[in-house]
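Pasting the structures in now, so scroll down.
The same chain A turns up in both complexes below, where it pairs with chain B and then with chain C.
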Partner chain A sequence: MNRSKGINIERNIKWIFPLPTVLFIFLMMIFPICYTFYISLTDWNIASIIGTSFIGLDNYIDLFQEPRFYNALALTLYFTFLAVGVEVVLGVVMALILNQDFRGKNVVKFLLLLPMVATPVAIGLAWTLFYEPTIGLANYALKILGVPASEWLASRTMVIPSLALVDIWQWTPMIALIVLAGLASLSTEAFESAVVDGANWLQILRYVTLPLLRPTILIAVVLRSIEALKTFDIIYVMTAGGPGYASETLNIYCYHLSFGYFRFGAASSALIALFALVLGFSLLVLWLRRRYEV
Partner chain B sequence: MKMQMKAGKRQKDFWFNVGWYILIILVMIPFIFPLVWIITSAFKIQADITAIPPKWLFTPTVVNFKRVFMEQDFGRFLWNSTVVAVAATLVSLVIGLPAAYSISRYKQNFLGIFVLTARLMPGISFLVPWYILFSKIKLIDTYTALIASHMLVVLPLIVWIMINYFDGVPQELEESARVDGCNIQNAFLRIILPISGPGILTATTLSFLFSWNNFMFSLVLSTYRTKTLPIGIYNFVSYAEVNWGSVMAAAVIIIAPAIILTMFFQRYIIKGLTVGAVKG
Partner chain C sequence: MAKANGRRSICILLAFIFTLAIMTGLGPVSAAETIRFVAANHPFHDVIRPLIPEFEKETGIRVIVENYEENQLNQKLTVEFTSGLSTVDVFMTRPLQEGRLFFKNNWYESLNSYLDAQTPAVWNWDDFPESTKQAVTIDGQIYAVPIATEWHTLFYRKDLFAEANLQPPTTFDELVAAAEKLHNPDAGICGIVLRGQRGAAVTQFSSCLYGFGGDFIQDGKCMIDSPEAIEAFKFYGKLLHAYGPPGVTNMSWPQAQALFASGNAAMWADASVLIAGIIDPDKSVVADEVGVAVFPAGPAGRRPYMVVPWGISVGAQSQNKAAAWEFILWATNHVNSKKALLSGLTVARNSTWEDREVVSELYPGLGESSIESGPVGVPYDRPVMTAVTEARDAIGEVIVHAIETGGTGDIERMAREAARKVDRLLVQAGEGRE
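Our next item is the complex of A and B:
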């Protein structure tokens, strides 16, 4: 084996190994995002007969004066906080309930995974039937409970909660599993000394368990929030942003601008806004990870 | 007296346990019910599915599955989804494993964050430029475009999981190999990779699932030839009349591989989903 060639590869392996990956991400992510930013500074509209011209920040100015944009932003945050809020509470409670060794624990974990791994589009369509006012099970269940029927996805007020319910159904198990794993990694010393000090289960929960779980829960919340901000599949197939614009989150709004109206210039500015929103949350994740790195 | 007390306590324990099991079952029911309902509906005729009050006893039929494959071309969607998922996962493994190894061993944190950002960014931000660029080079409705787009989701995931995994592999193994005159690339190939089974399994399973379930990219980048399963099922309801039987059968077909994968690789999936959120 040619010795000098071997040394050259070896010395540079730290650049050679990651190179294809970095190149790929550069090609498929960095370059397109820069291109998007460039388009956002033009008035490109696929239907326009006059050519495309550079209009600077006009798209952004229009965007920040567009009520539909603020509607989308508000709905996105409403959906995210509602869904993730409930998921966290339910998930933590579930994890606490499931945190013991019992027969069938593995079966339970298996069943909990299923809502998460099931294709969101398929789940969304099934829930659409579930929510159907006349032939769906949801109103039938309400009838049994003596509660008046709801329009669910057709109601402007109920549509976001209805969609959030689907998200909650899908992702509460994720929070539960993360917290369960967190519980398993806690050292028993704190608990043992608490028991020795005579604490009851509620006190242990409040003063030992939950504080120790805080980093885990926090990271789970932020990670889940980032995904929730980007929710697209279920909203698109269940309501496509309707009724009217009542469920048009930022992601859906961007999609309509891009592939509904083909107003690429305007769409690109909205996309950059969405990108910035998610980036902000992501930096929060990184900061949190660094903060809790012991 | 002592025996009585012991028996009393055992009785109390028994009821306590029963109560606990009931609680667990109650907690699980809302999560299982919709899936059970989807699966049973797939075997019902349309009228039975939409019947109110719901029909719990019914004669099962496979007519929905037949229709979905014969009239609605589901075989092709199944093939497309498989091709894209397998290809995206394989290529991502080939270029992602070395990258993860390097980032882990050489502590290239900047690169790590760079790759991670790709995982967190919204897919729609890239769809507009991709659509434009792929149109220009005539790659719309090709496997290449789809696979490349799926890789942007799958590759960072694999790298993230494997960085965490490699961090946990002790350096002694490579060091003793190096002492024996092995260079880094061979140490990686012959020593580290073979023992990275669990990590690679986790990464592969999750990647396949994420690609299989992807909807948005195929929605825009496929038109006819390369439609994947999620688009296939969506097309059942985007026209005036909805055949719920077809939808439910299609749903079962789409979800089945995920269920099977979860059955066999449950441990790895959980590991993959919780990695990074839990310390240690």
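Our next item is the complex of A and C:
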């Protein structure tokens, strides 16, 4: 009965069930990436009178000679390292605290998770008001503390840290959650033997907890970095890449190229570069994780 | 056997549910003609939207309205029109920003034949000033009906000026002097606020450029590095660096308007149509103290910009062009233009401005500034070309640098680089000369 001539559903069911998902992934992810790569090999520009033609790698050659691209790349890396770096430190601390038992722990947990739930555009607008140099609360708070006022989003040096602060405020809870889950899965044996050996809390933290948490932290870093490298919403809403180009990260640069200047060919090449950056970075961190597996 | 039956029933049930879902998505076939109007967040949309039920009753045509912020409107329309299958029937458009781009791609329906054949005489195309008609015409093809005019206006605080015994400035030197006198950072009041954000500032910088005798483009070459233009950059940068608010390089008109409306600026120069936000007592704490003056004169004379910022067009890909044109005729007729002007939108029609009832209701100073700016107004506030956005960003870079360094930075070099960039864009679009 299992040797019928037609397609045997029972045996091939492992191919049939994933089919809708595979189709979806192909349509929504693989096809757009391939099509973007194809456009990046043309000079499609709806603002020019010359028709679209295939130009090979010229877009990439122009891109790698464009100072604005390197500016965007540097700013992207600066923003990501700053934001994710601080988020990881604060997130681990938060998770360690939340791992203890204290009164009102669930309320604190709930409050700390709220920033993650809010929509990015609303957050961007609220923080823009907060950062406004004349009528915003940020400078008012600085005045009370006796610190000189800052231009925040209008200052070329402070704009990336200001944006990173918003990102940190929003996403530290996510790192805390991931690390908290990791903490919960740690076995208590290592801790008990450390206590028996006479270690104090700092030594336990340094020699037992953190090394055991390393894979979890690295996963959190990968997940968060992928998003941080591509950050668009808060930057576009708060500064649109300004002042000048001082906060124009790679994704914002691609947006200006495609929907501001309508140079789709050039924008596609920059987007492939961004894709390569994010992919490369994730692979690097995952390789590090495997290399230092406990 | 029972297991197979159970599985089959579930499959049939699922198939039934999916079919039901798809059918409800299709919806009933609509009998009335429907048009899709895509608008910008702009006083014109605010005036017309509540009046649309009147139009629907009169003509039986249903109107679906969507509105977006102006840049997003541009992006959305571009993406839709590029697909070739757009269902947009009527849309608001900016002749100076996307006019050439859309015209080049044949996304506007040419209105010449509609104006000749399908327009009642009483609507009167000749009621629109010649300069506004020219603003919406390329190569003899009329592609939009102008719905507003805009000129560079100086708004000032009457109370602060009275206290300091000052008259509204008529020259650039007087402007600087007034800003210096009224600049009071301790009280949270800056002498003057102007747009400082990269691309947005270009239109407000234009009047300064013209006032010094400069221009954006001449004979297909960008003139933004001429000596007059350099002086204009330095003037704009010095003025905002010394007497502008902190954070001005991030300000476009919404932020500048909010600053003035909250009482933190003694003067604000921007487009006339933005007066609506500062004389409304619900939005502004200085609603009673707003003075309106013509933009001051520079060494080369008084040359404020006076442009058609918005028009309304029929989409070339529309399936309901006749109905779309009917809607446009209604939205820009005498009655609705009068209602628009009374609510603060500076319309294009001559007769509306001459209507005595309207004139008496106008905010004091607005009508006069329009009349005075008319003869000397420059009909463009940005480089007239296809790749306007990119050119504005290039020029805006120089403006931001000038503001940050108070006019003392390496303006000449940056202006030269910007001019070369704009030249390249002109050549690419076939609008420049080598």
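Observations
One rule holds in what follows: the second predicted complex is superposed on the first by the 276 of 294 C-alpha atoms of A that agree within 3 Å, B and C clash if a C-alpha of one lies under 4 Å from a C-alpha of the other, contacts with A are read in each partner's own complex, and residues count from 1 in each chain.
We adopt the following convention: a residue touches a chain if its C-beta (ideal position, glycine included) is under 8 Å from a C-beta of that chain, and two chains touch if they have at least 3 such contacts.
This one's a predicted model, so the numbers in the text were calculated from it and none came from an experiment.
In the superposition on chain A, A:Phe69 makes contact with neither chain B nor chain C. In the superposition on chain A, contact of A:Thr239 is made with chain C only, not with chain B. By the touch criterion defined above, A:Ile178 lies against chain B but remains apart from chain C after alignment on the C-alpha atoms of chain A. Contacts of A:Ile135 after superposition on the shared chain: both chain B and chain C are touched. When both complexes are overlaid on chain A, the residue A:Met28 reaches chain B alone and has no touch with chain C. Of the two partners chain B and chain C, it is B that touches the larger number of chain A residues. Of the two partner chains placed around the shared chain by superposition, neither chain B nor chain C is touched by A:Phe79. Within the superposed three-chain model, A:Lys230 lies in touch with chain B and out of touch with chain C [touch as defined at top]. Of the two partner chains, chain B and chain C are each touched by A:Phe259. Shared interface residues of chain A (contacting chain B in one complex, chain C in the other): 132, 134-135, 259. Residues 20-21, 23-24, 27-28, 30-32, 34-35, 37-38, 49-54, 95-96, 98-99, 101-103, 105-106, 108, 111, 113-115, 117-118, 120-133, 148-149, 151-152, 155-156, 159, 183-185, 188, 209, 212-213, 215-216, 219-220, 229-230, 233-234, 236-237, 244, 247-248, 250-251, 254-255, 258-259, 261-263, 266, 269-270, 273-274, 276-280 of chain B touch chain A in their complex.
Taken together, the chain C residues at the contact with chain A in this complex read 75, 78-79, 82, 101, 104-105, 188, 190, 196-198, 245-250, 255, 259, 262, 264, 386-387, 389-390, 393, 397, 400-401, 404, 425, 428-430.
Listing the residues of chain A that touch chain C in their complex gives 45-50, 132-135, 149, 151-154, 156, 239-245, 256, 259-263. Against chain B, in their complex, chain A makes its touches with residues 6, 9-10, 13-14, 16-18, 20-22, 24-25, 28-29, 31-33, 35-36, 39, 94, 97-98, 100, 102, 106, 108-123, 125-130, 132, 134-135, 137, 140, 169, 172-174, 177-178, 181-182, 185, 215-216, 219-220, 223, 226, 229-230, 232-233, 236-237, 251, 254-255, 258-259, 264, 267-268, 271-272, 274-275, 278-279, 282, 285-286, 289, 292, 294.
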